[in-house]
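Letters A, B, C and D mark the chains as written, and numbering starts fresh at 1 in each.
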Amino acid sequence: MPSARKQLNIAMIGSGSIARAHSNAFHQVSHFFDVPYSLNLKVVSARNQSKLEAFARQWEWAETAADWQELVTRKDIDVVDIAVPNALHAPIAIAAAKAGKIVLCEKPLALSLAEAQMMAAAAKNLPNLVWFNYRRVPAVSFAKQLIDEGRLGQPYHYRAYYFNQSGVDSAKGQTWRYRASEAGSGAIGDLLSHSVDMAIYLNGEIAELSATKHTFIPGREVDDAVLLMARFANGSLGTFEASRFGVGRRNGNGFEIYGAKGSLGFDLEEMNRLQFFDATDPGKLQANRNILVTGPDHPYSGNFWKPGHLVGYEHTFIATMGDFLQSLAKGEPFHPNFDDAVRTQAVLEAVEASAQSRSWVKLPAR
Amino acid sequence: MPSARKQLNIAMIGSGSIARAHSNAFHQVSHFFDVPYSLNLKVVSARNQSKLEAFARQWEWAETAADWQELVTRKDIDVVDIAVPNALHAPIAIAAAKAGKIVLCEKPLALSLAEAQMMAAAAKNLPNLVWFNYRRVPAVSFAKQLIDEGRLGQPYHYRAYYFNQSGVDSAKGQTWRYRASEAGSGAIGDLLSHSVDMAIYLNGEIAELSATKHTFIPGREVDDAVLLMARFANGSLGTFEASRFGVGRRNGNGFEIYGAKGSLGFDLEEMNRLQFFDATDPGKLQANRNILVTGPDHPYSGNFWKPGHLVGYEHTFIATMGDFLQSLAKGEPFHPNFDDAVRTQAVLEAVEASAQSRSWVKLPAR
Amino acid sequence: MPSARKQLNIAMIGSGSIARAHSNAFHQVSHFFDVPYSLNLKVVSARNQSKLEAFARQWEWAETAADWQELVTRKDIDVVDIAVPNALHAPIAIAAAKAGKIVLCEKPLALSLAEAQMMAAAAKNLPNLVWFNYRRVPAVSFAKQLIDEGRLGQPYHYRAYYFNQSGVDSAKGQTWRYRASEAGSGAIGDLLSHSVDMAIYLNGEIAELSATKHTFIPGREVDDAVLLMARFANGSLGTFEASRFGVGRRNGNGFEIYGAKGSLGFDLEEMNRLQFFDATDPGKLQANRNILVTGPDHPYSGNFWKPGHLVGYEHTFIATMGDFLQSLAKGEPFHPNFDDAVRTQAVLEAVEASAQSRSWVKLPAR
Amino acid sequence: MPSARKQLNIAMIGSGSIARAHSNAFHQVSHFFDVPYSLNLKVVSARNQSKLEAFARQWEWAETAADWQELVTRKDIDVVDIAVPNALHAPIAIAAAKAGKIVLCEKPLALSLAEAQMMAAAAKNLPNLVWFNYRRVPAVSFAKQLIDEGRLGQPYHYRAYYFNQSGVDSAKGQTWRYRASEAGSGAIGDLLSHSVDMAIYLNGEIAELSATKHTFIPGREVDDAVLLMARFANGSLGTFEASRFGVGRRNGNGFEIYGAKGSLGFDLEEMNRLQFFDATDPGKLQANRNILVTGPDHPYSGNFWKPGHLVGYEHTFIATMGDFLQSLAKGEPFHPNFDDAVRTQAVLEAVEASAQSRSWVKLPAR
């Protein structure tokens, strides 16, 4: 069927596992979201040319390119999507922004707060997005909705954790994620950044924090684990823990929130579920509700499958893209964008500072 | 402290594991229930004299006796408690009833419906009790309360199961539970009887059923497993499954009930929990509530520990005894009594008949 | 990138929710499976023309057609996919088979065993598939693998259930699923058929069964619920329960299997998990393992996302299509095909016969 | 039956909820443990005389006494058990120790480290015990056993939490637990002390820590919540969180431990369960084992009920008493004793110091 939708030509830099998830989202978004754009997977670029060809074939990219520099300024490109190691985020994003492109960037936004701020400044007047995709797990969006409805009341405790076991295998230490020059940090940028973005989304700004980090394997350039105590601007207490040494956890990204009127719990390994305790229920019925967030009244249920039919990892990217394109059509700001990611980057920088100084660090109020 | 409570002298026949649970309940009931009786563990009887002495010492029975016959008629005995293999239930109970004793009997009540009816007739004017203790798991009592409040609405499905793995070890086949002459049946009397008592308690009478039973180990005299489809008088459908070949389950006694307005789920291996789904909740909040049934508004919470402090297996016996003594004090009938157990026995007999005839069997209406 | 893959032109009949899942699988299969075919979503047909246009646009079908009859014989069509109400499966499948097409058919295959047999006969020499997609939940495929490795030992019990709450809303009774002429049956064809296919897949043939069915809402033409006891050819006992009145369950399709050496448990609402109890573990470590079936050694993990990154409903269709195309390339038979579905249909027909006669029904040995 | 066991006369000070748990343990220990002592509940003392009489009657104490001072020196008393608010622990324990009594003391041992050290010095040559009862949850003892067997390997992370919701109700603020003079602290002594004792038991000494505490309700004298990051002497990282504002949690005392070879998880609200992930399992079978710690090979299973039959809160006290009496009979030291509690008190004092100074605090090596 011919479509009246406006075509957006995408250039993606990267061909790793996250590039798969992005490619998938570009293909799938129009199947699940009613957006007035048609995404054209125009050109993909990566360092390894032979892998790149296979990737392009599998994910139906029309062209490949060896060089991101010339690609981000191509006239026939509307959107530049950055799916490469962290150290390249800033140069690519700034170049793309200078060329006036819509910029989509994988998380964490940057290696440092200063870099993130430069990126945000460069992209200020352009639609942009940072792939903190877990905000759009339907259960997480639903948590946000319950909080906004006042169902938790005064917040007391925010607890975040992100555990996987990726660091235990010392052989992995050869990949870019373990090189300071490419990754900037370890668990902090890789895992904690997700937790911090989600915490700000759900519980607002962090006022001050005390952190410590640790590298279990001698010689590694980046942190394997990070711990963090925080006080939020809303008066609640926070703990964060992120580690690549959580043996037994594959993608254990979770939170618990306790408030005067109820509590919430989420774990990404059970991503279709949200735990909700409603302290306004009659006493004898008070309990964690183990909500299967696929019902007709839940976020994104109209987009994906029928009630009770689960969604998986990729739907967080598809929903991110769907919401982004709907914002784009309306000319409204999308979140999380580069400005949002700057806030997260400020927290990560405070974490590094606190771990260094072994003291509490205050964050500027907003 | 001197007590104004009336002393009841107990004679117990049996010294096996169930006799431990009974003894414990006799000792503990006054610690948790405000009852106007003081239980005196007067005399215990069993076949194996040397084991008996050790048992009596451990559980603080004042005397031992070799012979149950002379014991049940002793003037100084008020209560006879039967904790022996099934085949002895009827002779002891009938003798004790003839002697005017209060009679407490382990489940299943009898080897047959006819026997059960004779026992009930004998004990008709005497306080009596059958140890279907699982009715008084606080979570099960709470389930009953929710049903009585109409929270499930029209009942559609009742599903019961009772799995353990006791039958797999063929060496166990030498114990009384595998001899037809002593046990009468296998999984049917041992496990299914509990499920049936609980079903009648929670969901009312069974109108008709179709059953099949099976013995996995050749040469065994009793059934290892039994399956059952049923229609209840209230219009709901039922399934029951009981097996000693449920490898991995130790005491997996559970039920699920689905009604127009909600559903319930229980498993004895998580005995402090009740699952409750309330279909009258707002749609987006509908979910199984995983209720920790120890709260201030739950059954027996005033008797046992503080909210959130779990109870275990023995509390079902203690609560049974507590409620029995309170009924006794008020001169009110206690349930489940011999009459209730006759109803359960009628179902078990219909199960045997159906398994034999391979056809549906109707039960008389009550 | 130009592809050397052979193009297969697909015609799909249907535009409902299952047609979405099929369309998605056709688009996605090459992203996750290395198959030597390129699927071309050529033409889609459905009764409601205006809905059809929107559907075609959303799911990127090249053409629409009003009439399935002319479509199934079109020269430019290689594959006919049937995603319409049950009563149309046979006429379309037989016509497509006569035209020599590859035939893919939604479950249940047919309205009756006779019809199913005719369809199987017609498609005998053609590649064909029945969308019993739940065999290819990774956790279910993994269950099959564990069973084939002998990890359960002699099987004792197979327990299946499929509960949703779709029948409770009486308004739904107006849709095709509640009309005997279009659906043939209610819970039996809709839900039980999935359970039976999975049981045969995991536990082999059913030797005999006794069933009952029930319609809770007066005037409904089809069954709302069905219960079933069975004996499998391998000596194990089975229970099946399927209902549209399982209030609180959205897509509660599960099974438990108990064998001499271990047990398994699965529920589709937790589709990334398999419970496995290994009775050969040291005693103190024996327990249900709650396996997150996304690991590097699990079925389909190489196809989808990284370990710990969940898959959803649609992946069962994608995997079905991926395996089908790989079988096609090798010229090997695919399962479940029409012949497999005939076996399932024979069980469903025995269920109907047993429910009618209120007696046990034997199934012919294979 | 006459017993050859040596009688120990007990005097207990206190009649609150913890005094119930102690009394129960004194009555029950000989039913479950083969100990060469017979405990005689001789005299109980408390401030409120009328409540005391009722308490003594219910729990079968032979006498009551108004005054603890004269009681602890009575010749006919062998054991003094302290079940009163924290501020009285030291004076009573020291007086009882001076009188040569066996001293049992409720946790936390003292209001300060100095006080705890004085108590330990006073009781140095006497059998003594601190009621950190949760070490003897069978699942916790089992965790210790698995750790001692080396099943976790090098430890990476220790995570502890203890949440209840007792602080939210501002009316509760009138009880002794909220008065600094009687309780010393809030969540720190009440909840965190348990977590710290358990951490030392399972994971060894804490080398340094950084903490913060918070009081949500203005005017309260004690902390409502405390957070804590730690580094253990064994090189692992720790987080602790204890709060009376964990809405929805009743007795949520849990831990997770991650090591190179596996991980463990425990929550007191599921006290019969231990989660164990064995990273030495074959990859595809790696998962949390949800172990029901009631099996024949588990700690205390020989003492309590049959496999699969759950134990509750009181069994932790009974097992503590059972092990204590067995140590007493053998003349061996029992743990946790006053010396052990001094170590825990040192951590609590460091927590207060760190919360005050907002800096890391080192603990002396042992």
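Simple rule for what comes next: a contact is a pair of C-beta atoms (placed from the backbone, for glycine too) under 8 Å apart; a residue touches a chain by one contact, two chains touch by 3 or more.
Note that the coordinates shown come from a computational prediction; the quantities given were computed from them, not determined experimentally.
Within the contact network of the assembly, the step distance from chain A to chain C comes to 1. Using mean Cα coordinates as chain centres, the one most removed from chain A is B.
Chain D has its Cα centroid 54 Å from the Cα centroid of chain C.
The distance from the centre of chain B to the centre of chain D, each centre being the mean of the chain's C-alpha atoms, comes to 35 Å.
Remark: chain B and chain C have CA centroids separated by 42 Å (rounded to whole angstrom). Multi-chain contact residues of chain D, defined as those touching 2 or more other chains: 249, 286, 288, 292, 295.
The part of chain C that touches chain B in the complex is made up of residues 156-157, 159, 161, 163, 165, 168, 210, 212, 214, 216, 225, 227-229, 231, 237, 239, 241, 243, 245-249, 258-263, 277, 279, 286, 288, 358-360. Put simply, chain D touches chain B in their complex at residues 1, 3, 17, 20-21, 23-24, 27-28, 30-31, 34, 53, 56-62, 64, 164, 249-252, 268-272, 292, 294-295, 304-315. The residues of chain A lying in touch with chain B in their complex are 142, 276, 278, 282-292, 295-298.
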